[in-house]
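Note that the chains take the letters A, B, C, D and E in the order they are written out, and that residue 1 is the start of every chain.
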Amino acid sequence: MEYSLFILITPFVLFLLLGLTGHKMKQNVAGIIGTVGMGFAAALSYMVAYQYFFVIGKTAGVFQEMIPVSFEWLRFTEKLHIDLGILLDPISVMMLVVITTVSLMVHLYSLSYMHGEKGFQRYYSFLSLFSFSMLGLVVATNIFQMYIFWELVGVSSYSLIGFYYTKPSAVAASKKAFIVTRFADLGFLIGILILSYYTGTFDFATLTANHAESVVTSMQGLSFMGLSVAAWAMALIFMGGAGKSAMFPLHIWLPDAMEGPTPVSALIHAATMVVAGVYLIARLFPVYIFAAPEVLTLIAYIGAFTALFAAIIAVTQTDIKRVLAFSTISQIAYMMVSLGVSGYGGHDGLGYMASMFHLFTHAFFKALLFLGAGSVIHAVHSNEMKDMGRLHKFMPVSSWTFLIACLAIAGIPPFSGFFSKDEILSAALHHDKLIFFTMLFVAGLTAFYMFRLYFNIFWGKEKAYDSHHKPHESPALMTVPLIILAIYSIFTGFIHFPEFISSDSTPFAAHIEWMHVAIPSIVVALTGIVIAFVLYFKGSEKPVQIAKSLGGFYTATVHKFYLDEVWMFITQSVIFKLICKPIAWFDRHIIDGAMNGLAWTTQKTSASVKGLQSGQVQLYVWVYVIGSLLIAALALFL
Amino acid sequence: MDFSNFLLMQQEMSLMAVFVILFIYDVFCSDKGKQWFQPIACILFTLHTAWGFLPALTGEAFGGMFVNSDMTVIMKNILNIATLLVFLQVNNWLKSHDTVHKRGEFFTITLVTLLGMYLMISAGNFMMLYIGMETASLPMACLAAFNKYREKSAEAGAKYILISALSSGVMLFGLSFLYGSMGTMYFSDMTAQVVSEPLMIVGFVFFFSGLAFKLSLVPFHLWTADVYEGAPTAVTAFLSVASKGAAAFALMFTLYKVFGNIEVVWNPILWWSSVITITAGNLFAIRQKDIKRFFAFSSISQAGYILLGIIAGTPLGMNATVYYVLVYVFSNLAAFGVISAIENRTNGNTLISAFNGLYKSNPRLSLIMMLAVFSLGGIPPFAGFFSKFYIFMAAADRGQFLLVFIALLNTVVSLYYYLLIIKAMFIKEGDEQSVDCFVTDGYNKISLILCTAGILAIGFLSCIYEHIGSKVDLFNF
Amino acid sequence: MNILSLFVLVPVLMILFLFVCKSMQQIRTVMVSGASALMILAVTLTVMFLQERAVSNAEMLFTSSTMWYPSLNIAYAVGVDGISVAMIVLSSIIVFTGVFSSWNMNMAKEYFLWYCLLSVGVFGFFISVDLFTMFMFYEVALIPMYLLIGLWGTGRKEYSAMKLTLMLMGGSAFLLIGILGIYYGSGHSSMNLLEIANNLHIPIEIQRWVFPATFLGFGVLGALFPFHTWSPDGHASAPTAVSMLHAGVLMKLGGYGCFRVAMYLMPEAAHELGWIFLILTGISVVYGAFSAVVQTDLKYINAYSSVSHCGLVLFAILMMNRTAMTGAIMQMLSHGLMTALFFALIGLIYGRTHTRDIREMGGLMKIMPFASVCYVIAGLASLGLPGLSGFVAEMTIFVGSFQHADVFHRILTIAACCSIVITAVYILRTVGKILYGPVQDSHHIGLPDASWYEKVSAVGLIVAITFMGMYPSGASELINNSLMPIIEKLAII
Amino acid sequence: MIKMEYYLIVSTLMFFIGVYGFIARKNMLAILISLELILNAVEINFAVFNRYLFPGSMEGMFFTLFGIAITAAETAIAIAIIINVYRNIGSVNVRKINKMKE
Amino acid sequence: MANLIIFICLAIFIVIMSLMAVTSKKILRAATYLLFVLIGTAGLYLLLNFHFLAAVQISVYAGGIVVLFIFAIFLTSNKGDMIDNHNKKRILYGIVAAVAGIAITGFALLKHRFLNYSDNPTIAGDQEMNMKMIGEALMGTEKYQYLLPFEILSVLLLACIIGGILIARKR
């Protein structure tokens, strides 16, 4: 399946082509080239998926890993070298499909959405770069290749968030996104260093083989500051994943990242890049579970907390993209939780499978939500809910597709979200009751805030729209992707996921636990929807009253629990003012001052001895005589 | 009486011949004929210099009072070159109204001082050394006061003669002690008798102070700046290279030949005076406004570097020292050539500010000055770098790493003030005080070209250093 | 004639030709053809080297030695291994691009004279294997700096030029004493590096003081904390191409020297005392990065960034394993290229806006997109984006350093890793301030974008950066193979 | 019999009295006079050593002899120069020749 | 014994005259005291049996130099300069230097064990130093003969004459 290489090469070539010569092309030409190229990559991905799952299929009941392409890129030591290659296994193939699909949709959508923007070509070239990097990330054969592409997606995300570079908020957001994730990546890097130091390999296959034997044996009995070294390494790697996947407290960049164009948010900050962290944990899952199970517990709790935390914030946000952003955080946290509560092998690995399943379904409906939101924003030229209302009658396609997505995310059967979320909850139920109930509550919250959003946008009170600029349905180029994604959101839930993806690549049977999980979750979700309906469908004053009654808690939630301020305080006041400034001062005044001081001392000494040269012959002679007598005395008596 | 002894004094004889010819010419020639004085002097002296390069007889004469070896021939050649360069630089100055009628005196007196320096180098007896030193310094006082209607020059002459007389008194006092304890003044007889006794130490120190005075080592250096500043530039140039070089050579010979036994005594003395001399020279140089005074202090610190080679007390050290002086001659005279050219133009103004913007007005002169200054500062690829490196090597060879290190740190300071000159010439803008565009006279041009060639080539032509090295055989230390 | 000597000869010839040049046109012709000749030579050398390498296992190739001062064992001895070849290639690229970056100098003739002299020193240093000639070329490279900065610089140029020169000369004082220590410590029979390394031995008591002296001497040029303060002022005042050459090549002399002289000849002391310098370099790395964060002058930012990056070079050298050292050399290449690019662009921007204060600029992306994009690329290279040179170098260093068996070294490595985050902070801060956002100063509107010669310079560097970033194994292997001798020496102890 | 040390004491005293005079006197001619004392003292030394310790040769005596000659020449030149200074600044006060300093 | 008495008288005379020469306020008197010192020194030479030296001393020093001094004094006579107002600081400096010098050289001289001269016949004996010997030594080229210094001295004196004229002549 060497042709899978073209899935990577195509976007890269597109990037170079559009990046270097784009500004000479017409916008449409550039857009079409980009889209067609992406379509080609998507077609290839589907082909790969088909071939992998159905043509080659299982050997000995297991989906085998395949490495069709691999070459050494940079050799560090005999054992450690960065290879670039393509690793095909169930999850990477799945990711190929997800990424290319969503990316193609976004390409298509952007043709219209971004039409006429200055820097359109640049936009497409960055999209291609992102697709390339993300695809490279998922097919990475080794952890360092993953790190390379991890950084590349970071940069493409940076460039795309800051696409409107004249807008200071966009610039700030892109900077924040990059730096926060960069900080997290530092953990990732150190984790890699520790892991590779002991195991002597970067290779995923070697790391995970035989229940992560290489890791377990090489780090046996080593501990550092009370924690086993393996736990340190894996926790640090998780830190990288947490940064990209916006886990608390590294999530702060994601809401701000919404400054980028909406399709970008759909692609990068909803469907693909942000789940890279989940993917990373999944990739190294055997290592986690066998070498550092305590980290998995940590992941589960952090995930659960993040899910709850983000959901609560999402309830109060008024910027629709921010609601979606917090929703994304919350949903990714679901996936994390799922991984955290998972076991290994067969049905024990339900959480693992569920996580991937949710990743898969979430990609489509979240992309749909964002694109739908984009469509709305395109229509009303605002992100704020208060500027919207009753849009259903103006833009029915958007409304319907949005509704589908909302149902999917709320976990209402038969939409895809229901199936994946259900598996997560049942995995949690068997592992940790506290987490289970938290996640159940979050499911309710999810349903509530999504429908709050939906009702506020498409129903509620009609706002005074500009008469010349009545909102209107988006052009076909935008609605077609919406429809396609809606179809995905409806039907992907029916794919029998455990057949394809499991923690040990061995298919197993999973079934819906109606009594303990499904029914409660549906009930909770419906409750959330109903509350939302009551509160927002007609656009009543109740929400305001409730907000008032909540008082400080509400305010805190609106301000995202002041985490941005905390970060701002740490970066601006602590790091900038208390570390950097003093260091710079120290450098200029103490270090440099010492150097200048040497010069100054020399000058001063020079000035102070000049009196010796008095111009008086007799003093010269006196010095002469005393000098020679002194030398004589010293020579005599020493 | 065996007059064949005089045959050994090949260079001295030829020098005396030049002296006599010039003297007679000066006395008997009409004023009109005297305008040819400069070319004649230069040509004669060139011949004399060339003569010095011919193979020479070596050996002792006058019962060991006079010693000629390959090494002394080389040293004398170096002094010849220095003198020749100085002769080439004086034309413009001597043509000026004040001095035009006494240019003959300048040449004759200079030649006599040169003779004195020869004898200092070739001395095999302290009496000879003493007479040589006096011959080198008494007429030098007249030269310092040559511009006798300039107050500064008169003052310089007075300072020089007074201090030099005292210095010779102290030195003689020391010599009398040495004589008293050993009963002879012949180097070869003294060598074995020198021991570390109080009287000999005191005698040695007093004697050393005499040479240190000529070499301007701290604390015997205080005259240097005043005399250098006040004396006519050509004389300053001559003083700074020839007189200093001869003193360095003489010091080296006496230390090695006579006082080799008491190295434990003179080694620390030289060590400290080297450190203090370099440092003090540098410290004083930093603040100078007058370029001649500036070069006086620079030359004091250079003397400290010379000591580094002497202190080594090895053939390597001697080789490096002689080489150092050779390079120093070219570098310093290049600088003084430029200074005298500018001084003549600015009517005696030798402030550094006169050099402001020199690059704009006289690019060639400024480039030569830069070469000179870089060479003095020890910057490659100019000769000064090589000579400094070798002198450091020589000192390090004896394990004097600390000394070398101190000297090295001082080169940084010295670089600072050398760069001030560069800054004045290249970076600063000229004003009404600074010199305008002018043409240097032909003689000076030749001297500057020679100096430039020397600065550029001496380092790369390793044969020069190796040649000097090959002549250190007679080393009997 | 040895091909290596041509690297010195060509700039010397350029100097001679410049003397007879009359017009700007001629000067440019001489400079461009000379610099191109150097580039071609460098490429030829690389190819020849690789061919020769395949058939020979000598430590250095193209060696030749002519006795110069027999009595002092000083020879004009040249020879290259992969590391020197890498450095020569780097230098030729930067010299070449530097010429284009100083296309419109006033007093061009003098400027280029000094420029060529600087090149003589740089190339001479890299081809030399004799301690004396090495030192000589080293100083030859330093001195033109004074005039280049003092005459063509900006701001407090005289002060900066003086400070830079004196501090570097102070460093070379340490260096010289170190060289003398090596020569005499090894029994004063040879000044040849290879000879000393392979056949002679320096007693450990001597190494104990010679090693610090040598390391410090070169370290000053490599911006070793706390002797780095010449760098911000010097770079800030220097004209564009001089900054390029200085940060791009000259600072590499320091790293290369530490490696070639200090570590190679005195492995025992390196093991014994390396930790002191390791801490200092570790401080350099983090400290430089932190200092860069608050600077407001573009050149200061870059200068402190250089302190950090060059600190990483020395840091990796001191880790004393093959990978880290490979990384160190790669970092030299990488930093050389990207910092040159930075300075080229800063010069370009400064030449138009007449300010380097980031607070007074903004939205330049709109005004001069080409320059801005290049600046972003340089920034990304600096913060270690994969695909550009910085990443491969830094990763090699980190991975290599982390292979050290000692926990202390590994912890230091982690501390050094932190710098990449801080680097991101100041790079993005700068980029965000000056390139993005609204146009800050209305006078800047309508300023022209890069002219063709500036484009040549920037594109040349970007191509090199990308090439190295995409195809690191070329550089890595070139360097790695040549590290064997020193690694063996270090490993014996 | 006169001990040699007696002579030496006299000469040493004379020498340092000269040194004192050199440092303390103001008139340049007075300084020159002190200088004569110094040189004279040294010459006594040579003569004494020659006579007492090394009567075999006449080195010391000749040293003294040449010393006297050189001293004379020195004095002559010094006086010429001092007179020249006097012509320039109208004074022979040594403290007034301090135009160049520092 | 008589020699000793004469010596003591001479010694005291010389020292006192030296002191007077450097302390007297009038420069002309100082010159006169110098003359006395020089004559006293000649006396010492006579005591040492250096008759030729004594003669040279008197003729060159007393006859030449002192006269030169006196001329110079008259030439430069200036009211202010004739009377030497002592500067206390300088006197202190001078005394310090002199005392330190006497201490150190005295220490070295007295500490030194000179050759034994008690059986040296030439000290007490009154053999006149043979003028022929002096002449031969002055004109010889062997060891302990001084033709070369003599010749050089002549050149030096010539140069000094040139120099002296150069400085002193009016034009």
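Assorted remarks:
Here, a contact is a pair of C-beta atoms (placed from the backbone, for glycine too) under 8 Å apart; a residue touches a chain by one contact, two chains touch by 3 or more.
Everything numeric here is computed off the predicted structure, so don't read it as measured data.
Note on connectivity: the fewest steps through touching chains from chain C to chain D is 2. Among the remaining chains, those touching chain D as well as chain E are A, B. Comparing the centres of all chains, each the average of its CA atoms, the largest separation from chain E belongs to A. Two chain pairs are in question, B-D and A-D; the one with more C-beta pairs in contact is B-D.
Of all chains present, the one whose mean CA position sits nearest the global mean of protein CA atoms is C.
Taking each chain's centre as the mean of its C-alpha atoms, the one that lies farthest from the centre of chain D is A.
Averaged Cα coordinates give chain B a centre that lies 42 Å from the centre of chain C. Taking the mean of the C-alpha atoms as each chain's centre, chain C and chain E sit 70 Å apart. Once the centre of each chain is set as its mean CA position, chain A and chain C turn out to be 37 Å apart. Averaging Cα coordinates per chain places chain B and chain E 31 Å apart.
For chain A, the set of residues that touch two or more other chains comprises 599, 610, 613, 615, 617-619, 621-622, 625-626, 632, 636. Across the assembly, chain B contributes residues 127, 131, 134, 138, 141-142, 145, 148, 157-159, 162, 166, 170, 173, 177, 180, 183, 198, 201-202, 225-226, 287, 416 that each touch 2 or more other chains.
Across the assembly, chain D contributes residues 15, 18-19, 22-24, 31-32, 53-54, 57, 59, 62, 66, 70, 73, 77, 80-82, 84, 94, 97, 99-102 that each touch 2 or more other chains. This structure has the following touching chain pairs: A-B, A-C, A-D, A-E, B-C, B-D, B-E, D-E.
Those residues of chain A whose C-beta lies close enough to touch chain B in the complex are 599, 602-603, 605-607, 609-610, 612-613, 615, 617, 619-621, 623-628, 631-632, 634-636, 638. Residues of chain A that touch chain C in their complex: 72-77, 80, 82, 144, 147-149, 151-152, 155, 158, 162, 165-168, 171-172, 174-175, 178-179, 182-183, 186, 189-190, 193-194, 196-197, 575-576, 579-581, 583-584, 587, 591-592, 594-596, 599.
Residues of chain C that touch chain B in their complex: 68-72, 74, 132, 135-137, 139-140, 143, 146-147, 150-151, 157-158, 162, 165-166, 169-170, 173-174, 176-177, 180-181, 183-184, 188. The touching residues of chain E, counted against chain D in their complex, run 3-4, 7, 11, 14-15, 18-19, 21-23, 27, 30-31, 34, 37-38, 41, 44-45, 47-50, 52-53, 56-57, 60-61, 64-65, 68-69, 72-73, 75-76, 78, 80-82, 84-87, 90-91, 93-95, 97-99, 101-102, 105-106, 109-110, 114-115, 117-118, 120, 122-124, 129, 133-134, 137-138, 144, 146, 149-150, 153, 156-157, 160, 163-164, 167-168. Taken together, the chain B residues at the contact with chain E in this complex read 1-3, 5, 16, 19, 23, 61-66, 101-102, 105, 108-109, 112-113, 115-116, 119, 127-128, 131-132, 134-135, 138-139, 141-143, 145-146, 148, 157, 173, 177, 180-181, 183, 186, 197-199, 201-203.
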